[in-house]
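Take a look at the structures listed below.
Shared between the two complexes below is chain A, which has chain B as its partner in the first and chain C in the second.
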Partner chain A sequence: MDIQVLRRLDEKNKANADETRALLDEHGVRSVNMMGSPGCGKTALLERILPLLQPTLRCAVLEGDLFTTQDAERVAALGTRVIQLETQGSCHLDANLVQRGVRELPLGECDLLFVENVGNLVCPANFDVGEHARMAVVSVTEGHDKPSKYPLMFSRADAVVITKLDLLEHTDFDLQAALAGIRQYNEHAPVFQTSTRDDNFDDLVGWLTGLCGQGRRHGGA
Partner chain B sequence: MHEFSITQSLCEVAREEARRHDACRVRSLTCRLGVCRQIVPELLHTAFEILADDELLRGAELIVETEPVTVDCQSCGVSTTVQELPFQCPGCGSTDIRCSGGDDISLLSMEIDKESDDGHSGSSTSG
Partner chain C sequence: MDIQVLRRLDEKNKANADETRALLDEHGVRSVNMMGSPGCGKTALLERILPLLQPTLRCAVLEGDLFTTQDAERVAALGTRVIQLETQGSCHLDANLVQRGVRELPLGECDLLFVENVGNLVCPANFDVGEHARMAVVSVTEGHDKPSKYPLMFSRADAVVITKLDLLEHTDFDLQAALAGIRQYNEHAPVFQTSTRDDNFDDLVGWLTGLCGQGRRHGGA
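What follows is the complex of A and B.
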């Protein structure tokens, strides 16, 4: 006999993610899921924005990595609390693994949590990890066609960060084409154009700070 | 390789539903996967062959329906659906488009044999 099911295959992951979000909400912590290709500059971006955020916000990082602790060590060097999430070869973080990391954090001492996902433009976009906002990171050296090739990543992003803008003149990267590619899927996400060799992080830092303003339950500005 | 994780969830959901309906065997499963999910059907089938290793699911046919993406062309104004990347307006070829949908990831239905079906696997009754 035929039976109707009509159940989503991501329901268990979604339930875990909702539980994590509720736990973070309880403590007034906002979380950002950072996703992008290997080498797009996610960790380098953190190295630049954490020192700008930390005077006003208590930040923590969950560092997703296939095997090594190199990225976690770079973040820890900034005095930021960091928990390593070793995926043992898996291509994405899921809600279960992130929840384990969140439970290790002293959430009462934290305002803003970054989850740096495994470098990959496809798989991470499929898994809600309990974030409040999704940040897609794409670099000039990857090519301007990336947004239009990875619809789920860019359609679900709450913000897009273009990195390595200082290399624009050395590549064939067409900035307008990249922006048009993002808008194909996402009309509203702010797009931040950055380079770790320049000081152009104010808008991004403002957006992140605003995110925390929305979520704050306990005092603070 | 998120296909492996998705297939694990698929098998879990299918086993739960099969037990709920007193099934002794699942003959087929029909899934609907959005084109934006970028799931490779071949990898999904391979993962299913590996993970569907119990009496309920072994040998079941996995049927995958693709949910297209809706493309609204900003150049010619026509709205249509597209099944394949990269997306562009099928009418005028413009990439100045707005895309929506194509992100479904569901198990729609299953064909099962019930324990009360006399244990014969040759016939399946509908309804």
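What follows is the complex of A and C.
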């Protein structure tokens, strides 16, 4: 007689994520899970860094959204290979959907894979999607209190990108307080201060390039 | 023999929400569920409108956050009765937690109750918490594409508040596109254009006051 096993959903997710990571490792592809609030500037960041990365690295993007292909179209316009992952209203990407996306990619022609998660500072932090590194993105206009109010996202990040620095002078954002908030939950992640209106992406591009170079293995959550 | 009934979680939530709404109705209290992304300005909005409302209406706030009492402290500083609802990492308020908060309030001394939800443009839209009206808050800095990318939040709103209008000139935000995006999913909700750096809250305050005056009954989702 067959015994029905209802495996816990998070165990199933972890197994899928590990499979995906193994498949990526096999092809020498590094993956970055980009997470942050709606409108924090994840896609705008990709629009700036992909042209800087592409001369040396073959990049691809899995674009997570509840609905629409708006962001995927922006990435495709850069000549980057992109697949839209539509969650149909779900608040985060899970490992199964990302795995399906990864299997559609020509992994032999790829060095660095960005997975742009659904705009949400809460739920995505709980789901390993098979990434090698987690990037938390937070914008100046969201306020410097965000790291301390959403600690899970920042504590699990391998890198933090602060965006929209050009708006700093027009807001009450306290950069030192934000940095202190990040360090309260995360001692080691590099913090990159950026603005898509300026050319200040060298450090971030260097970090991403290093991620590919060092063959770093990261177990995920 | 007792039969174990595992009621669907969303049915249980709806039942709790209906109970809360009935309790509020009994005391003539109107409730508004404020929802929006992290850092869209929900608390800052409360800081501006509560002083304008309080001369004529007795207000209270249930302040939803994953962790910390930072926002509750900001509201308490206005002399407003506030209770912190800490979700301990959960991405939305549910009807049970709000009901517990409502039961702690002296409802006989209250006309208008704001429930500030967890910063999240996705999950809160799926949970009736016993509100009479739903307010979707979206900031200029999040981008004009947000209504079309997060349609559930906007389609179910009874009012939409656009915040941070003072930053309009420093961004690529297209106000007409944002308004069209809202109207695509919601034909009737009033849209209030605000900035906490200006005094443009009359229409919003009028709408909230009217909500209390008209004894409007709203079934929730």
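By our rule, the second predicted complex is superposed on the first by the 206 of 221 C-alpha atoms of A that agree within 3 Å, B and C clash if a C-alpha of one lies under 4 Å from a C-alpha of the other, contacts with A are read in each partner's own complex, and residues count from 1 in each chain.
FYI, a residue touches a chain if its C-beta (ideal position, glycine included) is under 8 Å from a C-beta of that chain, and two chains touch if they have at least 3 such contacts.
Quick caveat: nothing in here was measured; it's all calculated off a predicted structure.
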One more residue to check, A:Asp158. First (chain B), second (chain C), both or neither? neither
A:His170 in the overlay: touching chain B, chain C, both, or neither? Say first, second, both or neither. second
Does chain B (first) or chain C (second) touch A:Gln184, or do both, or does neither? first
Let me test your reading of the model: by the given contact rule, A:Cys91 touches which partner, first (chain B), second (chain C), both or neither? both
Does the superposition put A:Glu131 against chain B (first), chain C (second), both, or neither? neither
State whether A:Glu63 touches chain B only (first), chain C only (second), both chains, or neither. neither
Using the superposition on chain A described above, determine whether A:Lys12 touches chain B (first), chain C (second), both, or neither. first
State whether A:Cys123 touches chain B only (first), chain C only (second), both chains, or neither. both
May I ask you to decide whether A:Tyr150 touches chain B, chain C, both, or neither, giving the answer as first, second, both or neither? both
Of all the chain A residues, which ones make contact with chain B and with chain C? 91, 122-123, 145, 148-152
Mind listing the chain B positions that touch chain A in their complex? 1-2, 5-6, 9-10, 12-14, 17, 21, 31, 35-38, 69, 85-87, 95-99, 102-103, 105-114, 124-127
In the complex, chain C residues that touch chain A: 37-39, 65-68, 70, 89, 91, 118-123, 139, 141-143, 145-146, 148-152, 164, 166-167, 170-171
Interface residues, chain A side, partner chain B - complex: 1-13, 90-92, 94, 122-123, 126-127, 145, 148-152, 155, 180-181, 183-185, 187
